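Got some structures for you, see below.
Shared between the two complexes below is chain A, which pairs with chain B and chain C, respectively.
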Partner chain A sequence: MFAVETLDLSKRYGKTDALRGLNFTVNEGEIMVILGPNGSGKTTLLMILCTILKPTSGTAKVVGIDVVEEGTKVREVMGIAFQEARGFWRHKPSSILRFHASMFDIDPAKRQDLIERTMKDLELWESRDKMFMHLSGGQAKRLETAKVLIQQPKLAIFDEPTSQVDLRGKRKIWDKIRELRDQGSTIIVATNEVREAEYLADRVTILHQGQRVVCDTIPKLKDAIAGGDIVEVDFEDPVSGKLVDDLNGLGGDVSLSSEGNQLRAKVSRAEDWVPKMTSASYIAGAKIASIRITEPSLDDVFLHFTGKALVDQP
Partner chain B sequence: MSQLSRLVRIARTDFSYFFRTKWLMAVLISLSLSDMLVVGLVYGRLIPSKFAGLTYFQFLVPGIVVVGLFSAATDTGRRIWLALREGVVQYYLTLPIRTGGLVGAYIISGGLGGIVYSGALLAIAYLALSFLGASTIPIQGILYALALVPFLFILATGIAGLAAFFASVSRRGEIYWVYAQALQVSMVTISTVFYPAQTIAQYLPAPVATIAEYNPLSLAAGALRTSAFAGNPLDTIVLTNLLATSLPLAMLGAFAYWIILRTIRLKGKP
Partner chain C sequence: MNRVLTLAAYNVRILLSERTWFVLAWALFGLQIAVYGSLMSKLVSTTVPNYLFFYGVGLMVITVFDSGADVGRHFVEHAHEGELPYFLSLPVSRGGFLAAQAIYGVANTMIKVLPPLIGVLWFVGDLTVQGAVFALISMFLLGLGITGIMVSMSFIAFKSVDIYSAFLAGLSALIVRFSTVFYPLIFMPSFYSPISVFSPLTYGADLTRWVLGFDSNFLINPIFAAAVVTGVAVGTLSLSARIVDKVIEGVKAA
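Entry: the complex of A and B
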């Protein structure tokens, strides 16, 4: 059974199709990152999964429970950290967390310790006496994350969990999300931040204009780009035409260019090509001074699959 | 945890929000106390005549208590509007409680706000009467006041329901305040909260006088005067009328708020 499964899921707002026949699955115990630019349908999908929105057509199930037919049961097993933090303006963070914990039957005996520990982990403890309306954007986002962490739901959903959070805070939140996965939760993270996706994802689903473009692990997505890895080799002597011919003869999807002592190769899988290249160079008597391998970013992956940049360029 | 206990927790949280809004507390309390202690006591000494066997203070205070109940219960609408604007309602929609439970929680918290606030005003009025010796309070009056609490609670839920209705149909906050003020002016003006029924019958057309007579605020103020201050037994007809006029309001508001939540689920916004 999938932790999340949607079948032909569509959502229409007036004349706008936010989701168009989406088929999407998440395995139990994995972190699925949904990558897509603003307006790609990420938030709409999450809102349907957490039962705030009803789909226009199609079905969505969370741990086998239909989100439309049995919304209350779905809400018992899932938790969401919203993109925009939602809290009672005149309550303090600990009071908001206590309310949340009580709504999800967190053991009263462990509740206070859990809240205190989570607030300290997310560096919210110093702000414990501030009312929600006086928290900074980053603090409010951490509180949003804290709600899900103390809840430890079967399905945890994070919508852009580190927007407005500083670099140090981002790392903390990411580590806590991975910890939550290790404790058994299935996790969905929606983001348009490449670093976040790279750090967290077990698998990535790329959404574009309300449809699933591709879903796989990050290495496989990168490998799927022809000439995806770039290998730069510096030789001690100028690169000979014979060596280039030999390397072209190694097979695979490769594109070579050389200038002076340097050879530049675009290959599908550097880990396969580099050992062959070093053997061929050794046989040809060409001494290697250095090798640099760079791989495409998720930006490149997104561009490859959708033809558009993930984040609009200024 | 049962749906009921979750409903109670949400109602309690929303109820506490009312008392955490300090500016609102300051405005309400200062108005109510100045009306009661200045207008009621001072004018009471200037106007020695009695209205239906009550001093001016005894006549006025039930009106102030009922208006306090009205103001506190109406704040439900403001909280609903804020929850819609700030997205808290979407958070509520992710909690493991049915939509009907969420609606019920808001209406109940409005009822609680009204009853606690007006109960405090009534207690202050009793204390003022005792300490200032303006008049005596029959002990039965206090018992009758306690017996009236469930009926006043229903009235407060009805008013909270009306406020929920206006919050639900208000696109902007300013519009909600216009509706709330219009409601207050019309319900308090066309009532016997501050004037005897005979005065209204004397100066206003008969249909208006009838509306004023069956206005739930009039019924509540009348019951407080007759029983909580004059010490007469509770009139079951008045209490029945109070329930009959308050419950539909509560149901109307609950239905309107339920429609709004359903709209959010369909359109993503109210």
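Entry: the complex of A and C
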């Protein structure tokens, strides 16, 4: 059974299709990152999964429970950290978390310890007596994350969990999300931040204009780009044209620098190509001084699959 | 059920933290009774016996109406301040969520109405536990009905808060003015009284007066009034439950 499964899921706002026949699955115990630019349908999908929005057509199930037919049961097993941390203006973070814990039946005997530990982990403890409206944007986002962490739901959803959070805070939130996965929760993270996706994802689903473009692990997504890996090889001496021809025969696109001692190859899988290249070089008597391999980024992956940049360039 | 009560208790705690508003509401009630109630009582006392008492109950019913309207506004504020999506993500059924709102509304109404009720009954020398309890039950039912109407109307606010505010002001004027809160139905002119029978406040006010022992010759049949007040409460709460479940989705996001 999938932790999340949608079948032909659509959502229409007036004349705008936010989701168009989306088929999407998440395995139990994985972190699925949904990557897509603003307006791609990420938040709409999450809102449907947590039963706030209703689909226009199609079905969605969370741990086998239909989100439309049995909304309350779905809400019992999932928790969501919203993209916009708003509301509860005149409440203190500790009181907000106590209320949240009581709504999800967290053991009263352990509640206070859990809240204190989570707040300290997310560096919110010092702000525990501030009103919500006096928290910074980053603190409010961390509080939103803290709600889900104390809840430890079967399905945890984080919608852009680190927007407005500083670098140090981002790393803390990411580590806590991974920790939550290690404790057995299934996790969905929606983001348009490549670093976040690369740090967290077990698998990535690329969403574009309300449709799933592709879903796989990051290495496989990168490997799927033809000529995706770039290998730069420095030789101690200029190499022969025959070696270049031999290397071109291994697949990929090999070019030689004007000095003749530096090769640059665009290959599909560097881990397959490099051993073959070193053997061919050895046979040709060419001594290798250094090898550098660079991968395409998720930006490149997104560009490859959608033809558009993930984040609009200024 | 436990979660519904937890949610309601949370809302009520917010309510109790705003004590200043209650003091102001009680002060305003006292001022209206002391000034306008006394003046109007002198003007109409020849035809309605103990008009000050009649007026006092009417004023309490207006307070009930205002409290019900507060719940509607509270609900809309939840939506516009971003709290509604959070509440809708909690493990409570939509009906349970609405029940929590209604409990909040009832608490709000009772806090605002109870001291004036005791004050008025004491002032007219008719303070009994039985009278106070039945009057509270009558106003409680009316309050539920008003809450249901206001929450049902709140979907308008999802289109435009301005339209909702204007609509609410218009509705309030109609429901309050065209009712028996200040004048008995039998004394109303013929062009006015047919409209009054469409206001739920007419039935709530007359039922409350009847349970407090006011001369029934000036009131609507109490059984009919009780049936209407109960019907409005059940009907509008059912409608608002349907609206919360089917229409309002809390947030639209792409």
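The working rule: the second predicted complex is superposed on the first by the 304 of 314 C-alpha atoms of A that agree within 3 Å, B and C clash if a C-alpha of one lies under 4 Å from a C-alpha of the other, contacts with A are read in each partner's own complex, and residues count from 1 in each chain.
Here, a contact is a pair of C-beta atoms (placed from the backbone, for glycine too) under 8 Å apart; a residue touches a chain by one contact, two chains touch by 3 or more.
Computed from a predicted model, the values in this text were never measured in an experiment.
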Discussion item. Taking chain A as the common reference, can chain B and chain C both be placed on it without clashing, or not? Answer clash or fit.
Written reply: clash
Discussion item. Applying the document's definition of touch, where does A:16 land relative to chain B and chain C: first, second, both, or neither?
Written reply: second
Discussion item. For A:102 in the superposed arrangement: first (chain B), second (chain C), both or neither?
Written reply: both
Practice prompt. Quick one: classify A:29 as touching chain B (first), chain C (second), both or neither.
Written response: neither
Discussion item. Once chain A of both complexes is superposed, is A:138 in touch with chain B (first), chain C (second), both, or neither?
Written reply: neither
Discussion item. A:41 in the overlay: touching chain B, chain C, both, or neither? Say first, second, both or neither.
Written reply: second
Discussion item. Output check: A:54 vs chain B and chain C. Expected answer is one of first, second, both, neither. What do you get?
Written reply: both
Response to the item:
Which of 38-46, 110-118 or 128-136 hits chain C? In chain B, it is stretch 110-118
Practice prompt. Mind sorting out which residues of chain A both chain B and chain C touch, each in its own complex?
Written response: 13, 44, 47, 50-54, 72, 75-76, 79-80, 82, 84, 86-90, 99, 102-104
Worksheet item: So in the complex, which bits of chain B are touching chain A?
Response: 1, 3, 6, 9-10, 13, 17, 20-21, 82, 86-88, 90-91, 93-98, 264-268
Worksheet item: In the complex of these two chains, what residues of chain A are touching chain C?
Response: 13, 16, 18, 38-41, 43-44, 47, 50-54, 71-72, 75-76, 79-80, 82-84, 86-90, 99, 102-104
Worksheet, complete the sentence: Given the complex, residues on chain A that touch chain B span 13, 44, 47, 50-54, 72-73, 75-76, 78-80, 82, 84, 86-91, 99, 102-105
Worksheet entry | Residues of chain C defined as touching chain A within the complex | 3, 6-7, 10, 14, 17, 78, 81-83, 85-86, 88-94, 96, 249-254
